[in-house]
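Here's a structure for you.
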Amino acid sequence: MSTAGINWFKYSSPATFYPLAGRMIPWFAALAVVSAVAGLYLGFFVAPPDYQQGDAYRIMFIHVPAAWMSMFIYVVMAGYAALGLIFNTRLSAMMASALAPTGAMFTFLALWTGALWGKPMWGTWWVWDARLTSELILLFLYIGYMSLEAAIDDPRRASRASGLLAIVGVVNVPIIYYSVQWWNTLHQGASISFDKAPTMAATMLAALLVMTFACWMYAIAIVLMRVRNIILERERHSEWVMGVLEEEK
Amino acid sequence: MLEAQGLGAVRGDRRLFAGLNFSLDGGELLYVHGPNGSGKTTLLRMLCGLVMPAEGEVRWRGETIRRLGDEYRRELLYLGHTVALKDDLTGLENLRIASALQGAAVHEAQAGEALAALGLTGFEDLPVRVLSQGQKRRVALARLQLSLQLGRACLWILDEPFTALDKAAIGVLEAVLAAHLEGGGIVVLTTHQEVALTAGVTKEIAMGG
Amino acid sequence: MLAALRCMVMRDLVLAVRRVSDVLTTLFFFVIVVSLFPLGVGPEMEMLRTIAPGVVWVAAILASMLALGRLFGHDYGDGTLEQMLLAPQPLALLVLGKVLAHWLVTGLPLVLMAPLLGLQFGLDTVALEVLVISLLLGTPAISLIGAVGAALTLGVRGGGVLVSLLVLPLYIPVLIFGAGAVEAEAAGLGAGGHLSLLGAIAVLALCFAPLAAAAALRISLE
Amino acid sequence: MLAALRCMVMRDLVLAVRRVSDVLTTLFFFVIVVSLFPLGVGPEMEMLRTIAPGVVWVAAILASMLALGRLFGHDYGDGTLEQMLLAPQPLALLVLGKVLAHWLVTGLPLVLMAPLLGLQFGLDTVALEVLVISLLLGTPAISLIGAVGAALTLGVRGGGVLVSLLVLPLYIPVLIFGAGAVEAEAAGLGAGGHLSLLGAIAVLALCFAPLAAAAALRISLE
Amino acid sequence: MLEAQGLGAVRGDRRLFAGLNFSLDGGELLYVHGPNGSGKTTLLRMLCGLVMPAEGEVRWRGETIRRLGDEYRRELLYLGHTVALKDDLTGLENLRIASALQGAAVHEAQAGEALAALGLTGFEDLPVRVLSQGQKRRVALARLQLSLQLGRACLWILDEPFTALDKAAIGVLEAVLAAHLEGGGIVVLTTHQEVALTAGVTKEIAMGG
């Protein structure tokens, strides 16, 4: 195995990861704040009003990143869960459970902003179309993951059981993503793709990308914070945690 | 044949045991004792591979049981706190199914013999549901008798097998254990009752404070 | 190996026969749910015909989901599941046997009952045919997927309800393609596409669900 | 006497809090069942609006029925129910306490959630109001009636499904008047009549169900 | 005070016992013994009023228990084969609730004392689920200790109370029983283990065989 392998295993130990995460959090948090401010400014003040939708479309700058994040975080979570199950690394399991609440939050945000947007656009808060429904199901999957984890007391068993569930649930993600193509629906199809020229104004696109970046940074920062707490809780009997707690007193 | 190396168990905030070592050869009985809650059941389940050790490992014929998998389980017979019987099936059916899943299908006659040896003549065809506590345990223990008849499983792990048995049944069980040890089998058991476990070499582990 | 599979299937079928009421109640639940709808929704035939495939499918999913609790529940309670884990047979195989028996006992009767109920909602012969085929492909998938959820929630208090939360999201594609097949047929689009997707789901579930369920059982019994 | 009632209610609430997931899962089951329908029957808003009250009511009944298993099930399994029978308190009172706690934990959340779901189906404010009132009267009746069924099927294998069979027919009047109230309101007939019948059912159930359930428990535990 | 008149039980095709008579006064212990399946549990449940006698009747202070109802149950404490604890509640909570349902609410301190008497110090606040088999039984038995402290229930009916207990716990239980008998209480119990039951008057019933 190469040196990279050794490093990897070194940082997969909670004891080394804990201080590293502590040092990284401020950077990500700062990046998140800066890019969120920039993105919102671009989106709400610089980007031109849409010729059809007027200003209502601006909700997109929250809706679309949130919807992307909701799916992406699920995949990442399942990936960590798989690592945890296969290599029995404690840290990956902790990462997976730290990701879930953030993913659920973004899913909820996508649903909420989508509903707000639907009122002016489609004249109703909600339609039962494939994409909306599958996004709702994604929320259920997150909630199922979290309830299963909460329902089992032994943390090791809990993270293994919920990890397995996360992996099984991955099948839903492609369904959400392709739902627009498989069923003809009210909801917008993909407007950004790599093989076609962008169909929207450059400032809109820029605002969207900056907002997405902000969501990323926010997610990383908050997940690192959460994982630090989980590490402390699960490893509270190990010597290094005792040491950390002593220091912080 | 059965070896424990540096076994340790943690439950909740409590470290039940750590650094437990022993090894057992054919014909040996390991008597695990200790007060309530000292970790006997946990240790036994660990030896079966049902609980992952927090540290250390269990070896069978020199190989870790995690790697052996089915090979190990073929030679293992575990009876826990619960009787592991289907209430709706008769004693006979229960015994035959348990045996078939263990990889050794038996005839009705053989199963009937094993039940008779445990004093259940006349009760073979009742659904287990209506049997008394002690009779249920006897049906469960008939698996030992059957395994003895077939000469199959070689490692018996028994968690408080004497519970709820009357004196006659205790006598039968003692005889079965002795016969198994004589045939070169291994037994690991816990019990709070005082019973005569004299045949073969008896090792002891005292758990807990 | 096949002997173990057969033994498992036979055992569960014998148990089901001892408790015939179990088999019947799943079926009656299905019938009752379907019959509740006209009561809740009102009696206009045209609308009932439109919603019929959806209602039958939802009822089938709910009925088989309810029966999931029994898949491993009793074996867990009386300790026989622990013995299965200790058996020198591939656990996934035993799980497959259990699921097979479970489907024969709970899924198949629904499939056989469905045309009768469809008739009451005024579905025509072609639609009924598609309904039966879609259920025949869909119910095994439901049992297989459900096994994973049932295994994960074993020993978790409130597992009976938690299991619905876990598996229902996974049932949605089955529902969409299943009910969709009948509707597509009715709309003159042909049910072929939906049915082959349904078949694909069933095959996938057959390959992976027993493995996942076996892994879940090992975790749950730790 | 009231102390015993309070003790029982508190005990079950504490247990529910220890297992918050129990509470949430009934609720999510309700939400999921309601959400399944549009998937099964298709997305036309007009039709969805028409069937909405029926669907919400059927889902509420199914969700509370599923939760019935937990009403006495655990207490039976661990022997505490036997101890309740041996307690020097009127058993019907203890049953009432258990049902009350059960409703607070499973029924009330459904009532609170219903308007949100109704909104998704495009119901207007007045219809939503009637829906909530009808559920507020109906769900206690459902819990009370369900308790009798749950008590009768205790210890019967497959009881979970048998109980549905026993209680669903008894739920039908509740369903008809409950869903009917909303439809009557929508049709401009006024929901008053339906609602008062629903109230009468609830009061009757409150008077007799605890007694019947207590008697059923004594029989089941013989 | 407790009288059985011509009690008989039939289960399936089997007549377990018939024409059973005895009477017990304050300070007396009835030791019911016999082989597995002889009907001990059935008899005990009959004395509680959980099983209706096929023939004969049970009287308490001269009145049939069927007529007495709650009055009888207020003085009765029955512990069966199962532990009758809620897995999700702690030992302390279980004890307090059991006591409140019995009609005698107790403070946390009192309940804690009872648990401590059974050697469960440090385990009061764990959910019962994680306790070992013997620890669970100890929590159940703490009800006896508590009833002793309160001087409430006067008739104890115990089905194999010594199961799964280690020696220390058996000693405690013996002492509790002795104290109850000394205070004029009545005990009916079954057990297959040999334990010293010397205090008070000991009557015996041999079932079966």
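Order of writing sets the labels: A, B, C, D and E. Residues in every chain begin at 1.
Here is the rule we use: a residue touches a chain if its C-beta (ideal position, glycine included) is under 8 Å from a C-beta of that chain, and two chains touch if they have at least 3 such contacts.
Computed from a predicted model, the values in this text were never measured in an experiment.
Chains C-D form the pair joined by the most contacting C-beta pairs. Set against the Cα centre of chain E, the chain with the most distant centre is A. For chain D, the chain with the farthest CA centroid is B. Centre to centre, using the average C-alpha position, chain A and chain E are separated by 57 Å. With centres taken as mean Cα positions, chain D sits 46 Å from chain B.
Once the centre of each chain is set as its mean CA position, chain A and chain C turn out to be 32 Å apart.
Touching two or more other chains at once are residues 19, 21, 25, 28, 32, 39, 42, 74, 157 of chain D. Shown for chain B are the residues that touch two or more other chains, namely 81, 87-88. Across the assembly, chain A contributes residues 133, 140, 143, 147, 151 that each touch 2 or more other chains. Residues of chain C that touch chain B in their complex: 3-4, 7-8, 11, 14-15, 18-19, 74-75, 78-80, 82-90, 94, 221-222. Contacts from chain D toward chain A in the complex involve residues 19-21, 24-25, 28, 32, 35, 38-39, 42-43, 45, 48, 119-120, 122. Residues of chain B touching chain C in their complex: 48-52, 70-71, 73-74, 76, 78, 80-89, 93, 97-98, 100-103, 105, 127. Within the complex formed with chain C, the chain D residues making contact are 19, 21-22, 25-26, 28-29, 32-33, 36-37, 39-42, 47, 50-51, 53-55, 57-58, 61-62, 66-67, 69-70, 74, 77, 156-158, 160-162, 164-165, 168-169, 172, 175-176, 179, 183.
Here chain C touches chain A in the complex through residues 148, 152-153, 156-159, 162, 165-166, 168-170, 172-173, 176, 212, 215-216, 219-220, 222, going by the rule given at the top.
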